[in-house]
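Reading through the structure tokens given below for one structure.
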Amino acid sequence: MTTALETTSVGPAAYELMERLFPLCRSLTGDGVRATFDALEEHIPITRTEIPSGTEVFDWIVPDEWNIRDAYILGPDGTRVVDYRRSSLHVVSYSEPVRTTLSLDELRERLHTLPDQPDVVPYRTSYYARTWGFCLSHRQLLQLPPGDYEVVIDSTLEPGNLTYAELEIEGTGDAEVLISTYVCHPSLANDNLSGIAVATMLAKRLLARDDLRNTYRFVFGPGTIGPLSWLHQNRDRLDRIQHGLTLSCIGDAGDLTYKRSGREHAEVDQAMEIVLRDSGAPHRILPWEPWGGDERQFCSPGFDLPVGSLMRTPHGEFAGYHTSADGLERIRPESLAGAVDTALRLVDVLESNRRYRNLSPYGEPQLGRRGLYRSAGGAVETPDDERALLWVLNQSDGESSLLDIARRSGLRYPVIRRAAERLENAGLLAG
Amino acid sequence: MTTALETTSVGPAAYELMERLFPLCRSLTGDGVRATFDALEEHIPITRTEIPSGTEVFDWIVPDEWNIRDAYILGPDGTRVVDYRRSSLHVVSYSEPVRTTLSLDELRERLHTLPDQPDVVPYRTSYYARTWGFCLSHRQLLQLPPGDYEVVIDSTLEPGNLTYAELEIEGTGDAEVLISTYVCHPSLANDNLSGIAVATMLAKRLLARDDLRNTYRFVFGPGTIGPLSWLHQNRDRLDRIQHGLTLSCIGDAGDLTYKRSGREHAEVDQAMEIVLRDSGAPHRILPWEPWGGDERQFCSPGFDLPVGSLMRTPHGEFAGYHTSADGLERIRPESLAGAVDTALRLVDVLESNRRYRNLSPYGEPQLGRRGLYRSAGGAVETPDDERALLWVLNQSDGESSLLDIARRSGLRYPVIRRAAERLENAGLLAG
Amino acid sequence: MTTALETTSVGPAAYELMERLFPLCRSLTGDGVRATFDALEEHIPITRTEIPSGTEVFDWIVPDEWNIRDAYILGPDGTRVVDYRRSSLHVVSYSEPVRTTLSLDELRERLHTLPDQPDVVPYRTSYYARTWGFCLSHRQLLQLPPGDYEVVIDSTLEPGNLTYAELEIEGTGDAEVLISTYVCHPSLANDNLSGIAVATMLAKRLLARDDLRNTYRFVFGPGTIGPLSWLHQNRDRLDRIQHGLTLSCIGDAGDLTYKRSGREHAEVDQAMEIVLRDSGAPHRILPWEPWGGDERQFCSPGFDLPVGSLMRTPHGEFAGYHTSADGLERIRPESLAGAVDTALRLVDVLESNRRYRNLSPYGEPQLGRRGLYRSAGGAVETPDDERALLWVLNQSDGESSLLDIARRSGLRYPVIRRAAERLENAGLLAG
């Protein structure tokens, strides 16, 4: 159960995908999202769902579709002092169309800056209250000369659709694993694009396998309303979701951080904690809290799905969050590759974890006779392997899973899993 | 749900009550207890119960009633060298009447001192074995000249009554909260009078409210035999007691200390722990042990009532415990006021804690539309308020109480409670 | 319930027994084991069981019996350069008979040394693969001159029997306590003989008692196949085993170490942890792991017996384990005596632990009237005694055992036990 493709290429490939996606103006709806899906489609065979504006999804209503072709502010001298074409962050997301001329004082009320971070452009949205505005650095604001400014936002905000994309990688069993990430942020790198890139590369690797027991379902949709739309469309089949993971802010140099699902000790929580423990790398496990990303929807009490969240530096903790400082220079290809690798190790646990029954439970079976112990060559090279055999035999009472045994023994999960395979092959264990 | 009276006046008022009570000679029974109740009656409308001597209360028998008018020792020169009128501590509580003349050697066998604390008068009782004696400082004992001493204890110890007092502040629901303190110690300040004063001021504040759901029942009785008598009188209605608290040694400068009920994790235990956590002040939580005050009776296995104990420096830990060193100078009005305030915060939790059900459990409801989130003004001023809304929605599955949510979220209870009220008002939560 | 014999003599007596056993060549089977039992029989009335070679015991088969009369290597000069009579470690246990002459190069392939511990002779066995060999120090190996070596192993390896010994000390009740140790190691002191000596002295002390409630069953057999044989012979009556303990490596200067049974919190685990806590001496509690000694068989999932393990320095942690460095000089008589004493304290807990019911559960009973409190003389000397009375009364709801009360109260088990006895005598407690 090793990964089919070279993982050394994963980091650069994921990074390239992020570079391609970075300039697109994503939002809750619109062609920026669709263009993003066009790019993903070159890697993985996603299918799209369009949900019409006005559709009720639980307590929410799908908003009008927003599209933008251009937006700028012409200064008194006729030059573009703020230009959407330079960065999609310059226009408040979901801005109504506008074409007018304003004095500097009038204009100022429509401009968003961060006085305490004077060099960065903030990211602003106004999805559910109609308005318009521009974002720019505070330093630039201070330099604007008095005079008349021509303001143009060439956008549309009218009934249309919300778009989400899905990929199902079918396994042989009934259980599904949900992998979800969001696609609604414009030119932000770690906060959004990193999750898209890692999910895409993970999907690519899983597509290359033919040994999967679980079905893996990837969902790419706008934050909050995206997962809600997907949940609404799939509300009659959610009992198939046995495990889930959201991906966000996962491309920076920080350590991996796992936030538990609302259940706190679901199998996916236990699995990810063992994967991170086994990695030997510094990492953090955060308790559940109903604050953060799309896990808020999956783990709401009506659904209570076992969906955890994998990230690096959590969104509240990195400087420049939701500003132009969250650019591609913050991203490390090896961080992306490490995230894919960690997700694949999680997949390995979810694929192989089960409860066994020791078929020779009265005393230890004589392992030496079966070439499993001590004198045996081959895979049994280390004391850990021998200990793993004894642990699996001792704990396989039909109640403890391999994950339970890995946790209790302190031995690495792959060592426990291999021991179980060898014991099963020797006829000493039944699944 | 704020307190109706100014709490700034609580400390001085409680202290004044203690000053008034200090000289009275309380014991298990007798007119000292009744005079104490006379003083309380100026603050709160208590009712009294008299239990005749000889009444069987579970394994105990109500003892004879003890009253004392005067007691003294005349020295060889005819002056009162030990005088009950100077301090009620000078006579062993429950001393039989005596009128005799003794040599110094004979007298010494009736004198109690503390050689290792030579300046203080010890507190001694002999409730269940008939005897008599005096207490004085060891330094004074050493200065007594040889000669004949005339000894007088003008007391009575005969069939009468044990007296306890009660106050019921009726709520709209069925549940009762028991607040108990003891009234049997003579001129001791922290050990006894502080509890009486805090209970009285707490009762006074609760009497001024008309919004109480629980009934609050205050019991003032002599230690051990008092609660046992009350329990015996009320043995058929104890199932109404849902929460309880004893108050003792609560007026000194020490941090608040809460000792858990015998159940360790009853609602009152959880509530008090959250109240103390939310206070931000240093405090201690002690595990249950069947050693201490009247909680020993309430938490005995036959009753197993959820009664915790609130104090400051526990009785075993302060120097001068059960001696004349436990005088009024040890008491701080602000300590008394802080105890009343803490008890009122406990009341707020016991009044408001409940389990809610999220009426929009499929995903997060759209709070912005209802003015509850972000753009909303008014009460939503801090991120804590927003987090509290999400926590309450996420956890309100009918199983978790507001107290559970306050504990799990780390947010202050009042913030959680207000979030629940706002969500209920918005039709998103049902109690 | 004090021990009947002077324990001051236990250490020297145990040490003498080890001296007597040290030279014997024990193995899985054979006359070395029988001679060991002959020596034990001078202390305790054991009975022996012989299991024929070829008998199936669960997944195992009893091997042929091995006996050895002599073994040596004659050097080129005709002197015995390696001589079994000097130490039984010199011959690989279960070596086939051989009589041949080899060059030094040929001989070397049959010689086992420890290059990184050049002064010690290793201990080697080959129970289940037929072969032969010698063990010697690496230093001696390097000094062997070239030339022809005459090699003689005068052994037999043929159908016979496996021998184990048992001692049953009958109690008045139905429950049995299993005490097990192994007898298959040749001239090794701490690893093997210490357990035999401690078990023997413990049995001797229990034989002198007539107040035992539990039956104590001592089993002395070869490692792994010994307990398996005993379990197989007794497979229909294993439900009588309520507690168990294996003894190993228990004579060195290290602190006592207890490894929990597979159940982790069986009564024997709780009891031993309280005994070690009460000792006030440094000690270690290890979690269960299916690695170690004969507890691996008792705690296999098919049996799941509550059998813990008492030792001093665990076998993996002392230098010279399984070499000639594990000699008698490593053993301290006081360590042996301390182990016997600890086991006797465990016996005291297992004999006396039970759940009581407070017959006066409504409030505290009036202990003073019964001479149990404060004024009482006699056994009630310390506050601990009074606290113990209150703890036992408070917790005796028929659910909590004395062990539970000792743990929760922090009071020493004997103090709790005595309090329960006194309360039972006073008619306040029923067993």
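Order of writing sets the chain letters: A, B and C. Residues in each chain are counted from 1.
Please note the rule applied: contacts are C-beta pairs under 8 Å (C-beta built on N, C-alpha and C of every residue); 3 or more make two chains touch, one makes a residue touch a chain.
Predicted model only: the values in this text are computed from it and were never measured.
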Margin query: Please tell me whether the contact surfaces of subunit A and subunit B are same or different in residue numbering, using the over-half criterion.
Written below: different
Item checked: Rotation in the CA alignment of subunit B with subunit C, degrees, nearest 5 -> 120
Next item on the list: List the centre-to-centre spacing of subunit A and subunit B in whole Å, with centres computed as mean CA coordinates.
Entry: 55
Notebook entry, point to check: What parts of subunit C, by residue number, touch at least two of the other chains?
Noted result: none
Note to self: Applying the document's contact rule, which stretches of subunit A touch subunit B when the two form their complex?
What the structure shows: 57-60, 128-129, 224, 227-228, 231, 235, 262, 289-291, 296-297, 299-304
Check: What does subunit B use to touch subunit A in their complex?
Finding: 358, 360-366, 368-369, 375, 387, 390-391, 393-397, 409
